Amino acid sequence: MRLLFLGDIVGRSGRKAVVDALPGLRRRYALDFVIINGENSAGGFGITEAILDELIEAGADAVTLGNHAFDQKDALVFIERYPQLIRPINYPKGTPGRGASLLKTQAGADVLVINAMGRIFMPEMDDPFRAIDAELTACRLKQGADAIFIDFHAEATSEKQALGYFVDGRATAVVGTHTHVPTADDRVLPNGTAYISDAGMCGDYNSVLGMEIDEPLNRFITKIPRQRFEPATGPATISGLAVDIDDKTGLATNCGALRIGPHLEPAAPAFWEG
Amino acid sequence: MRLLFLGDIVGRSGRKAVVDALPGLRRRYALDFVIINGENSAGGFGITEAILDELIEAGADAVTLGNHAFDQKDALVFIERYPQLIRPINYPKGTPGRGASLLKTQAGADVLVINAMGRIFMPEMDDPFRAIDAELTACRLKQGADAIFIDFHAEATSEKQALGYFVDGRATAVVGTHTHVPTADDRVLPNGTAYISDAGMCGDYNSVLGMEIDEPLNRFITKIPRQRFEPATGPATISGLAVDIDDKTGLATNCGALRIGPHLEPAAPAFWEG
Amino acid sequence: MRLLFLGDIVGRSGRKAVVDALPGLRRRYALDFVIINGENSAGGFGITEAILDELIEAGADAVTLGNHAFDQKDALVFIERYPQLIRPINYPKGTPGRGASLLKTQAGADVLVINAMGRIFMPEMDDPFRAIDAELTACRLKQGADAIFIDFHAEATSEKQALGYFVDGRATAVVGTHTHVPTADDRVLPNGTAYISDAGMCGDYNSVLGMEIDEPLNRFITKIPRQRFEPATGPATISGLAVDIDDKTGLATNCGALRIGPHLEPAAPAFWEG
Amino acid sequence: MRLLFLGDIVGRSGRKAVVDALPGLRRRYALDFVIINGENSAGGFGITEAILDELIEAGADAVTLGNHAFDQKDALVFIERYPQLIRPINYPKGTPGRGASLLKTQAGADVLVINAMGRIFMPEMDDPFRAIDAELTACRLKQGADAIFIDFHAEATSEKQALGYFVDGRATAVVGTHTHVPTADDRVLPNGTAYISDAGMCGDYNSVLGMEIDEPLNRFITKIPRQRFEPATGPATISGLAVDIDDKTGLATNCGALRIGPHLEPAAPAFWEG
């Protein structure tokens, strides 16, 4: 099975790049399942129903979130109607929406998608290790699901790496998000789980985290906000991780970066080429 | 001019990999200047004089530090005798050692090396933006120095990117360190400064930040320390950034990742090959 | 019922003051129940079994803890044998010891003692609001217990106040600890729960948090540790909260500060005097 | 000389209480100088020129600020026109306004008022210890000023206490602000500086930090904002510190809490009574 994950979409520029590229990518690589982090897709803050529809239309099978999940308040309502929209599982009990969702590929395979937030340098959430462990215990690879994908939305590389080893052999892939910068440590861990510390963002990289440079720089220098953050409007790069899955075990056989667009070194999954 | 930077050396495994590889790299690429971050070279915590000597012997022209600069207390003393050893410039006034050092290549070019610490999710240091600005104002490219290199030891990608734009066109390169994970966003910024959010570490990547997995994982799960952190002892990968410098302007013409060793995708500076 | 709580005992000086004063206080005020926070009683870091025995001997009915609960590793073992020793309830499931304990006064009344840690500017614990809510739901005032006491070990006044209102009318008292400074906001909340943001410490107040001044001050100024923190050795002040309980409702009728010793303004519960 | 400091005014309720009480307090105690922290006086966030005028009119000789200094953007402009309005001194160089101001009492004495922000659990400011040290070196007690008052706006009790000892004997008083809860540790330090960890707020204490309880409580429980914070509208308590100054040395001979209003235990400076 072939799975593609794309990191945090930032604003209109990021959305356009994803929507333009995704149909072609699905065809070119015969993708079975596509997951996109959409926590910054609405002007940098949260997601709207119209944008979610647009992403699904363009070929997203699942959309994950993060600390900006509910920046657009409507999301608290429409998230209940979309099994494809997954918010961090370690929000307090009773939070609208779901933190894990069992979804089907077109070919009928079951993919469990989990979203979780780290706690180091992040809001005070429930324990992500225990929340994920409970899911993996309830739904084992090739028993409850043909593939299990975890978007771990976290700041600290230590926490991300620790989670990778924690689920190694029990999940198909752990992909970090939130820093908006792709890391170069994509690999299959010893027991078969694909891992990358951060998938990067889908946005204009001539920016600070996808936002126009001026205001973030102003705040670092003066410590006094001058205006709101605005998404950068230059052409976006899409950035993510391609994961090749062994249908017998549900584990990863290969993974590799996908990067298309200006500013960053382009990357494509060699194991799917040719 | 050809400059190579290698990220945080972690423990014996990282030291061995660097010391083994560096002489060959200097020859192969005809390197003019080599900078290494050594803040974790002594068992993961700080640096000793013997290790510093070993790194210089192996071909390091400069060694930078970070939040672990003075974990080995002797460093407070011997740092005064080594112009090549540079600690974060934004420690309080009066801190032993220097935060910027003007060093010579064998060919006689002047390289200003600056080390600074970020403040987001980090100890309470002086303002790195102002400290760096003062250095760049006092020592301009091609006036005070033929190349200016900044090791920005920081956690948050926002702060690293903001600093990149802040010095773009005034420094040869800004290289992030501290997360121990290489990022894939190496590029030359619009005004000629080479940039990468993090150079990664020189250490065993089958680890949590270069440390044996068990204890960090234990702490994330139980919140109760059980033992000390110990550097992982498997074979290390060296990771860093190669920077090609225009001798006329002192700015970067090219930059690219260097990664040699297991676990990570190998990388070499194509612009120096062949 | 008359309940006395004493804040974090710091080191030998704090222990001595408590052990000297407690028998007399029990007699003078005819105290029914005494709770002491002991997280810093062993040289400033954690608690030993010998110290716990000493405190029980001196008249403590319960000893609560905090972020330093397990600084002395033995506590992970002996805590299982002492129903009077209570660690934060929002440690991860499986942590040795208990976070709530139903104890008896000499007169046979049942007192539920809960210890919890805040999460703002503190380690990443489970949700204290939910953990406490579960206890209060399972054990209601005058049904499961004659009094319910909560030691909320937290940094931020916002979190402490919010917890106060959250349990107002369901618990006898919420007493903050951890800052080692007594606050002057002791009062009975609108629905009958006694509240104070911080009970202060039992220790030498000519200090920084009960520790010798030099090293903390050195670290604020130089950002480089020079030696370990050592408890200050001058005479200690004991500091805490007296709570007068309505036996019919289990709620508080009165509360007031108790402070005995040098440096701070003395305070005694007027409602128990004369 | 008699000096009164009042802690953070929160919203309309806090303003009304201060404006109503201050003229009477000035008369009753024959106050020479009154300082008020106004960082939350405008609806909880910042200060406006109209409010500043109102406070000066009511008898404030100086108004200090904190992390909310510039929440009302106009303050960046009008602060330049008011020597009585003092923002944290450790904002970056170039910030509008001043961090220290030498002001005159009606009797012609010189009072240096310094405002500074702590850095523990706070925004990334310049070093408050060094900034204050520079002021105290430039302006010595009874040489440059007849009294030196420091409003240290900080979260951590450790940092506040450390600063107290750092300036003990060089300043008349160090008063903490920012937690909005008065502490009970007011005292004159060994070398003559009056100290309290926090002066508390002037606001409705039936609240969370002066704000209506519902929304802060909601955020602690659900982690999802539902609405803006609004100042509580019940009657306010004014809270602060009275400092009695030796005219020969400029040091404090006495200090004590002042609290007038509902919810908290009333307090008045006994040394000025009768």
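Labels for the chains are A, B, C and D, by order of writing; each one numbers its residues from 1.
Operating definition for what follows: contacts are C-beta pairs under 8 Å (C-beta built on N, C-alpha and C of every residue); 3 or more make two chains touch, one makes a residue touch a chain.
Since the model is a prediction, treat every value here as computed from it, not as a measurement.
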Which is the least count of steps on a path of touching chains running from chain A to chain D? 1
Looking only at C-beta pairs that count as contacts, which pair of chains has more of them, B-C or A-C? B-C
When the centre of a chain is set as the mean of its C-alpha atoms, what distance in Å lies between chain C and chain D? 29
Chain A-chain C separation of Cα centroids, rounded to whole Å: 43
For chain A, what residues touch not just one other chain but two or more? 92, 124, 130, 221
In their shared complex, at which residues does chain C touch chain D? 121, 129-130, 155-159, 161-163, 165-166, 179-187, 190, 197-198, 200, 205-209, 213, 216-217, 220-221, 256-257, 259, 263-265, 267
Given the complex with chain B, which residues does chain D contribute to the contact? 92-93, 119-120, 124, 126-127, 130
Per the touch rule, the chain A residues reaching chain D in their complex are 70, 76, 91-92, 94-95, 123-125, 221-224
